[in-house]
Amino acid sequence: MHASIGARQLEPVGWIFAALNLIFLVSAMGLGIFLVVESVPILRLEGVDFWLGDDWWVGESFGALPMICGSLMVTGLATLLVLPVALSGALFTSEYLSPPFRRRVKGIMELLAGVPGIIYGLLGVSFLTVGVKDALNLLDGNTLFTAGLLLAIMILPMILTLSEDALHSVSSEFREAAESLGLTKLQTALRVVLPQSVPGIVGAVLLGIGRAMGETIAVMLVVGSLDRVPGFNLFASGQTIPSKLGREAAEALGSGLHWNALMALGFTLFLVVAILTFSGHLFIKRNSQ
Amino acid sequence: MIQFKNFVAAFGGRKVIRALTFNLPANSITAIIGASGSGKTTLLRALCRMNDRVKNFRVEGNVLIDGMDIYRPDTDVYALRRNVGLVFQKPCVFPKSIFDNAVFGVKEKMHRKEYPDLVEKVLREVFLWEEVKDRLGEKATTLSQGQQQRLTLARTLAVGPQVLLMDEPTSSLDPKSTAAIEKLVQSLKSRHTILWVTHQHDQAHSIADKVLIIENGQIAPFETPVARPEQSSSFTRVLQNVQEYPE
Amino acid sequence: MIQFKNFVAAFGGRKVIRALTFNLPANSITAIIGASGSGKTTLLRALCRMNDRVKNFRVEGNVLIDGMDIYRPDTDVYALRRNVGLVFQKPCVFPKSIFDNAVFGVKEKMHRKEYPDLVEKVLREVFLWEEVKDRLGEKATTLSQGQQQRLTLARTLAVGPQVLLMDEPTSSLDPKSTAAIEKLVQSLKSRHTILWVTHQHDQAHSIADKVLIIENGQIAPFETPVARPEQSSSFTRVLQNVQEYPE
Amino acid sequence: MAEKMVRVLIGCITFLIVALLFSILGVMLLKGLPAMHAGFLFEESRDFGRAGGVYYQSIGTLILMGVAVLWSLPVALGSVLFQTEYLDTGKLKTFLTQLTYILNATPTILFGLVGYLLFGVYLDTGVSWVTGSLILAVMILPTLQVSIREAVEALPEKYREAGMALGLSRPTQIWRIILPQSFYGIVTGVFLGLARAAGETAAIMFTATTFSGIQFPQSFSDPVPTLQTHILVLAQEASNPESIAQAWGAGLVLLGLVFLLTLTAWAFRARVVMESEL
Amino acid sequence: DTGPRIQIVGSTTVLPVVSRSAQKFMESSSSRILVNAGGSGVGIHSVAGGRADIGMASRGISPDENKRFEKSYLIVHSVGLDAVACVVSSEIFQAGVRRLTARQIAGIYLGEIRNWKEVGGPNRKIVVVDKERHRGTRHVFMQYIFGNASQRTPGTLLVTGSNNEEQAKIAQSDSAIGMLSFNWMNDDVKAVSILDQGKEILPTWEAVRQGSYPIVRKLNFITAGQPKGEIKAFIDFVKGPEGQKIVAESGYIPIGNPKSKRLN
């Protein structure tokens, strides 16, 4: 009864916080509602075929499957590439490095998290595509793989620094307790520190994945932008939802079926992310039990 | 057998332990008493190198356990700590189930099937089994302070160290549990070397083979035959020294 | 004046305190003893509504302080907690300087210039001043456990509560400091209503006007005239009840 | 010994990460330095990037990023504190958390387009830096929120309890315990948010920026030139090497600005964290 | 600078011309010209919505837009021309592919021809680079090759947007084909001539100047209704000699009397 903290217990400051929270809620919901409303016409016209269709040709048909596949593959690849690397880095920085070195590495990461997406895009065009092409002996370097790799590099500093924060914020009491039982540093890190920082790490990873999912310019410049269901071939060009939006949205602005279709793409991304975060949440829940 | 040779422990410039030279025989119980802030905890932590993490902590002199200097650079600290179990003054249980806490330090070598038996054994030893046997899966953080204190003791016992360092292990226990723990420790004497920090002088004298008093970072040893403190005139003297209540 | 009327406190399904009906007169010291895990801490925490944040905690019945039910929804919990000071069993100092810790709970109303005097006053009261006066700017977390315990007591005193709840405040203190704190508490009696949890029965009986024993979530009160326990036959009976050492 | 091997392995990985990221900086330097003539930082851009510098673009970028963080930080802090300190764990809290992540993954161009339709078309506020900073603020909100929430939630419960027991009101607890103790994380969030804002081109191109014609905004309804759009336009349509070099130079300046802000915040953080002695 | 303010928004292709012209124009005028990128679509949309005075577009107004913005009386003013060439990677050019028939190009884009050796080049797969569908470049190119501005091209491997992007992709590849404005050709990206019904169309400035080059598109200004005042003055300025000089300097082809201009 008393334990539930209801609105009646809010003091003035609490109301301010609630109002600020409302701003956030309204902007996020507003964006979502806008997307839903704008995508109604195309969804009404195409129904599920919008998501299952593999042909996107303005004026004829709008099938989002190539973009959905592309987005999932690129993001999945980026996550796969970045996770082990970022987590090892975070673990090493938090558990093994001495404070001055830790500060230095963190500093570099924080600086690099600040490299703008457009710069990654330019670097990707200038170096990564050629590098991938030569290294893998491909016909061309503008592939889903390149995009995934670029995204992995891009989100690495952010994931690393945030997961490191999560690891580091575990009270050292626990580390001491574990080490006094004779656990090695690594065992302590894996059995005590890591489990306790799982929520923080999942948060960091979700933030990174989200960033990767939504990245427009950098992906657009290296992914090849070909609307084609890529199958399971990562080494071919493809298209992601944001890059599709980046290429066409400004042209189609405002109204018309093309615009609706693009907004439906945005809405689709919303859904995908919702599913992802929901599973992430479940993961935390299961893990905390 | 633990030997201190001219041992000094300091935080930065402040020497907490100064020039300690001293032997603790194997299979004995030694009690340490001393004012709050006199360096008892520091001494215990130094014995299993828990202060390695503390930045400005440094030691001088030697500490030998079974003839091996534990501060030699090539010491395997993990093996050392498995051999020298420390029960903290401020119990710190992991935010896991009671069961998991009890077996936390057990080496992977042991088979998981043996865990339940081990848990029951150690929890019984620390007199906690009856209280928690129905809620082994609950989080250990929901236990009361005294229960947590016994759980951390059980956790250490499960590792099976040779040397047991206990930092006021009965400070938050009721007399019944305290007596049980005291009895347990006395029964452990045959297998372990035990160092016991306490503030209760009668407790120290009733269980220990030897009582040390830390003062100004140095030790004034009192060999106490297993005798009730009331019967020992030397102890009365000690008490008078220490218990100089401010009136 | 604190009144419990049919007070029940439970975590989920497990009732820790059951149907407690009881009065504590103002300006008195009441000691609470009881086995580890019997609900003493829960009782104290319930008195200043510290368990509001605990998810599955619930209470039934009433607790009145000066006639006001503290569990009424419109209670100002912050004012309540300033009025009812709780000294934790497990001291938790903030990772700030010793000085900052001592004045942490002081309302902003007080002028900063008065802080040094206040700090000296409360630290002297808890018998810590001499030990830390040269290092007030150092982190409080570097203090020993006993020092931290006294610091948290000082921190609470600085707020100036009317009711003082002390959860084993001397558990990690040496006899000297313990005696000092006991004396302090006795001198505070004239201004405060004090609830003191302890495991040491002689301590309980020597300082308290009244000793309560918690058992199975219920209270068996023993009115104890200010008398040495050794001289009280009723107390001996109690002791025998409780200290039934397992042999 | 497995322990050692793992340690060496993850140490190497960390080293490689640092090296990789350093090489990115190196490349930026190599590419951008040719544009760095004496006046690059303090001159106006001329002749479609063939001459001059990026002075006003830098100022515009700073204005947009700074103001966006100013809008966003209170909202992020307030909503996180509301969620962690005032709301019980429950459906609403879960929902709000998830919303944060969804918002975070929204492609920035959507913010730009929706912002264009909302501000430009429906509200008809025109192209202005205020609009742009608002859109950026919403865009970096999730980044700030997640980092702040993590910092706040990582705070051990015992500190809150100790504060409660002293009778500190909730605002006082927030002000004296939670904010100081999570200050480090909050600053991290601000870095990441700033970075995000700095990287965004698509979101502000239709609502806040101008390529040329305005130097310094005279009013709230003026657009600003920014480095981001400058780079984008030059990189897309400049056919002569001077202009392309200027695009890289502008990239280097952008990077420099982000770094400068980060370093400032760092110094600030170092001081405050020392004070709160985290 | 209290004079009137002119807002110009739209295609990045036209932007270099406008940016330079505005700079020049403002030297002798009190008006302030704000130029911003955004793409042809945004340009047209903004003009129709009254949020900009001039829209820049590298294409015409689509029928759909015409219908939507009927009430705005959109008027198109051409200010220059852009010539689009079929380009190949320099490696291919060096290997001997100097000319392609329109049919061969069509075959490549349709995916029927997949290897350079089928058109007299080295034995290497073709990297077919297409442009975003709405790009003016693609419109005129496809119109010429297929007779259909929005021809589907199943042979495509990459899609690019801006000139620089396409240039970079073709330059990085050693077997690419694409379409590109003249001004972006360099050592790595070479234009081939197109054989059409026995006639060889050389991709030279000379041919464009003489008006014989067929693949050209218009760079347009869009206004809502007839422009007046300073807006008209600016459009006239760009169409006038000084503006046309800038058009030429920006790598496009002036309109009007082509013979009076010297191209690069």
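Each chain carries a letter (A, B, C, D and E) given by its place in the written order, and its residues are counted from 1.
Note that contacts are C-beta pairs under 8 Å (C-beta built on N, C-alpha and C of every residue); 3 or more make two chains touch, one makes a residue touch a chain.
Remember, predicted model here, so these are calculated numbers, not experimental data.
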Fill in the blank from the handout: Under the touch definition above, the chains in contact with both subunit A and subunit E are D
Handout entry: Of D-E and A-D, whichever chain pair has more C-beta contact pairs
Key = A-D
Problem - Geometric centre distance via CA averages, subunit B-subunit A, whole Å - result: 49
Completion exercise
Rounded to the nearest Å, the gap separating the Cα centres of subunit B and subunit D is 51
Exercise for the section: Report, in whole Å, the distance between the mean C-alpha point of subunit B and the mean C-alpha point of subunit E. Expected result: 83
Exercise for the section: Spell out, as numbers or ranges, the residues of subunit B touching 2 or more other chains. Expected result: 90
Fill in the blank from the handout: Two or more other chains are touched by the subunit E residues 38, 42, 161, 165
Handout entry: Interface hub residues of subunit D, defined as touching at least two other chains
Key = 88, 116, 121, 169-170, 206, 232, 235
Problem - Footprint of subunit B on subunit C - complex, ascending - result: 11, 33-38, 41, 89-91, 127, 131, 142-147, 150, 168, 171-180, 183, 199-201, 242-246
Problem - subunit A to subunit D touching residues, read off their complex - result: 3-5, 10-11, 13-14, 16-21, 23-25, 27-29, 31-32, 34-35, 85, 88-89, 91-93, 96-97, 105, 107-119, 122-123, 126-127, 153, 156-158, 160-162, 165-166, 169-171, 184-186, 197, 199-200, 203-204, 206-207, 209-211, 213-217, 241-242, 245-246, 249-250, 253-254, 266, 269-270, 273-274, 276-278, 280-281
Fill in the blank from the handout: Per the touch rule above, subunit B residues touching subunit A in the complex are 48, 50, 53, 55, 78-83, 85-86, 88, 90, 92-96, 104-105, 152, 155-156, 159, 161
Practice task
Under the touch definition given earlier, write down the residues of subunit D that touch subunit C in their complex.
Solution key: 88-89, 157-170, 172, 176-177, 181, 276-278
Fill in the blank from the handout: The answer for subunit D against subunit A in the complex is residues 2-3, 6-7, 9-11, 13-14, 17-18, 20-22, 24-25, 27-28, 31, 74-79, 81-83, 85-88, 94, 96-111, 113-114, 116-118, 121, 138, 141-143, 145-147, 149-151, 153-156, 169-171, 174, 184-185, 188, 191-192, 194-196, 198-202, 206, 228, 231-232, 235, 247-248, 251, 254-255, 258-259, 261-262, 266
